[in-house]
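Since the structure comes first, as structure tokens, the remarks are kept for the end.
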């Protein structure tokens, strides 16, 4: 039971939970959350792949990739949330 | 010292986007100029490819697998050229047809970023880099989808956003598995990899992610609304070009990592067949012209995947070429069709197919353009679409895959049927009592789709040189 | 010593989770914000101990960022929830 | 050796205060009491753990950083508990006004 | 001897999975966001355990901090700014087309199968398999920096990083475009305690952000983490209304957004014009160039993240032209 095994399985489970949410969630905001979960799950897999038994230091390339992934994901989230806000405003105007 | 055209192909649209965003007043001029220069760079690159059949640059001087290298061969330059030329003509159309100052101000930077992303995809040789590129494309494309700001467009844009993020994340997880197994991310590593469980999982994840992004039936749910509700230039870019980026990645990936089982190949083809049939039915039932055109994109993607399915077995270069030709043909013709549909909508004021023949205004030139584009999409000779379909059928018949022949023929007949609905609207005059005018006025925006439609037809006459160009640098499999 | 610290971080994490379970069953949204409060302090403690155990000084920076974030998220919540319910 | 023992005692008692804070959170009846228990106990717990770790630390720079972190957490936690309490009170008042 | 981390790791992994599931299962959206934030911070702890402090920093600062603030803001908007409290959005439940439980379970079963397949594939993959370790170690002396992650981000795979900044730029352009003409809610005053805290913490945050950036050359930290922490300054300023964006600030904002991307791309091209390929920094100037790029990128990231949080483009007076052309 090394940490890479434990957290690797965790990452896959988190991705799967996000996948269920992204496919089934009804609420717009919650679907964004589900996609965020997927991205963290994918990040886990890369970080786990980079892990080496201490005292060896881990592989830095996947770390850089995950950082890139995190920044990309925050951009995508911001756009999705802006769309949600805009839509909500338009829908509220129509209902009035 | 000159900078090589390969690098410029990426950086010119990027700097153009920055310029167009920082100086919104002259965004159109900057945008048009950068697209023009990009096409110039692609032309220079094409000359290099003709001379040396492939160009590779290790960025930063770091060779893969540590660094990322860019590689251009015949296929990628063909895609670049298609993107550049279609993009240039759409840009000319947009230069004229985007009236709203705000739309214009945001259209150019987003479109140039999109161009950067697509050029990046066609030159990339690294799967993580491809992930970043498809995200660049996704964000810019969603921005373009919702440019009109209507509620329908925003809803469609949000669905599109969910689909493309999920597709990209599936791809990213696939990248993670590739890293776990082989510890590198470049194409050369993929080619050398042994097929193991982790590699199959990686391939499955990446393929499903890409299918979601290309909207292959039944993952097409986001496409029709997104493409039909965008403004005309944005629709042309989305349908003609953006979908092709994911298709291209699929083509490359499955060349380097063949699908492990014949059944999976058949499954991809079956999904393609489903897309052809279901998309055809929906296109036939569509009420709005742009919706019909969008569904026809679903059909065409299905057709391309049938070509892929034929090509699944090793060594069937002909079918790969058929797929590549269909991709090019669809890019040109669909852009023409969406632009002309947009012109028709602008002139008549609506795009309800049933009421096309009740209009007092008959934008004949736009209608003619639409018909020309339809000829290529249906696959009538001598269009490029015909050549693509023909090589698909030829390959299928030679190998005795009659079921694919039947599906392709049914799809062709259906496309004749649904495009005829539109032609009937164009050609019937008996339901109008009053004067019928030709159009409200000529526009520069008419020239762009017409040029595209004419090239979709006439490129068919140049199919042989195109085919031999695509083969430069051995894009389809290992070199001899 | 390492075993001892291992037990300590386990206890700290368990206490976070127990508190979390309680806070989330609460009815008031303000109660939920206690979770951030709880987390802000205890996770910094965990990071401090981990930096000793794993011999990574960089974790002190992570702890610093955690401490900053807890405060800012909370401020965001109070500002954004501050408008009267309609 | 004695230093290690002292550090262990400090860290253990710090952990004890965290547990106590959580028990308070679980047992106390209303928001204000819970806030009180949590902030006080956890603040003290962190201080004790920080002290214990400072004893184990190798360099002065490390001790300085630990102290800075503790200071900042204390500051943030005080502000946050104030904000939560003030917000809760505002909500309470509005609720009774209605 | 047993592994002192084992229990902690197991508990943390269990908590992460439980939090992920409850993020999506909880009915109340606010609770769901709080759970998500805690989920993110616990994931960052897990990444610390996997010896990835850089990633933990980025996840805590960007993936959880900025994202959490964004989510809270959106929820606030959904609930209040539109002028009415819609019960469905408040509880996060949309009754329009409820998914039949059968579909839900079918989906869950499908995803369960997929998970099982992926888990088998993961367990079958080589443990601590091949990687870039040796390549990076060999190339590090020629990279200009001492910290391997920074070397990968800004030298070996600088192209990816440039495109990542481009994604950020695309996002801010898209958000400005989407949110044109939206109005914001007035915010309450936070009181004296908060003002005091802000006065004390703002300089502290600036110092921490700059420190992270500066340290990136030899230790975990760097442009993205530093930028995110500096963005927190922007968030505090925007939240407490110490800074209100005005239409006249748009030009400056545009420049700030493109500064990092532009400088990064310009440096990449400039070195290419000197007979090298793009991104090939001359070894004697590599450190200077990387620090320059990092500094400018940090500014851009900070401003862009704050702008993403703020959302709409500051427009003068919303008139007919800013509204939709429906």
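The letters A, B, C, D and E name the chains in turn, as written, and every chain counts its residues from 1.
Note that in this section a residue touches a chain if its C-beta (ideal position, glycine included) is under 8 Å from a C-beta of that chain, and two chains touch if they have at least 3 such contacts.
Bear in mind that the values here come from a model prediction, so they are computed numbers and not experimental data.
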Path length in steps (a step moves to a chain that is touched) from chain C to chain D:
1
Shortest contact path, chain A to chain C, counted in steps:
2
May I ask you to list the chain groups that still touch, directly or through other chains, once chain E is left out?
A, B | C, D
Quick one: which pair of chains has the most contacts?
A-E
In terms of CA centroid distance, which chain is the most far removed from chain B?
D
Whole-Å gap between the CA centroids of chain A and chain D:
30
Between chain A and chain E, what distance separates the C-alpha centroids? Give it in angstrom.
11
List the centre-to-centre spacing of chain C and chain E in whole Å, with centres computed as mean CA coordinates.
19
Could you pull out the residues of chain E that touch at least 2 other chains?
5, 49, 51, 73, 75, 83-84, 118, 122, 129, 131-132, 136, 156-157, 160, 164, 167, 170-171, 174, 178, 190, 194, 197, 201, 204, 324
Listing for chain C: what residues touch at least two other chains?
5, 33, 36, 54, 57, 64, 68, 71, 75, 78, 81-82, 85
If you look at chain A, which of its residues touch at least two other chains?
15, 19, 28, 39, 45, 48-49, 54, 59, 61-62, 65, 68, 72, 75-76, 79, 83-84, 86, 90
Could you list each pair of chains that touch, in label order?
A-B, A-E, B-E, C-D, C-E, D-E
Chain D contacts chain E in the complex at 72, 75-76, 79, 82-83, 86
Within their complex, state which residues of chain B touch chain A.
66, 128, 131-132, 135, 138-139, 142-143, 146, 151, 154-155, 157-158, 161-162, 165-166, 168-169, 172-173, 175-177, 179-180, 183
Can you list the residues on chain C that touch chain D in the complex?
1, 4-5, 8, 11-12, 15-16, 18-19, 22-23, 28, 30-31, 33-34, 36-38, 40-42, 44-45, 48-49, 52, 57, 60, 63-64, 67-68, 70-71, 74-75, 78, 81-82, 84-85
Okay, in this complex, where on chain E does chain C touch?
2, 4-5, 7-8, 11-12, 15, 22, 26, 30-31, 34-35, 37-38, 41, 44-45, 48-49, 51, 53, 56-57, 60-61, 64-65, 68-69, 72-73, 75-76, 80, 83-85, 185-188, 190, 194, 197, 201, 204-205, 208, 211-212, 215, 219-221, 225, 229, 232, 235-236, 239-240
Under the stated contact criterion, what part of chain E meets chain A in this complex?
3, 5-6, 9-10, 13, 16-17, 20-21, 23-24, 29, 32-33, 36, 39-40, 43, 46-47, 49-52, 54-55, 58-59, 62-63, 66-67, 70-71, 73-75, 77-78, 81-84, 86, 89, 92-94, 96-99, 103-104, 107-108, 111-112, 114-115, 118-119, 122-123, 127-129, 131-133, 136, 148-149, 151-153, 156-157, 160-161, 164, 167-168, 170-172, 174-175, 178-179, 182, 224, 301, 305, 308-309, 311, 324
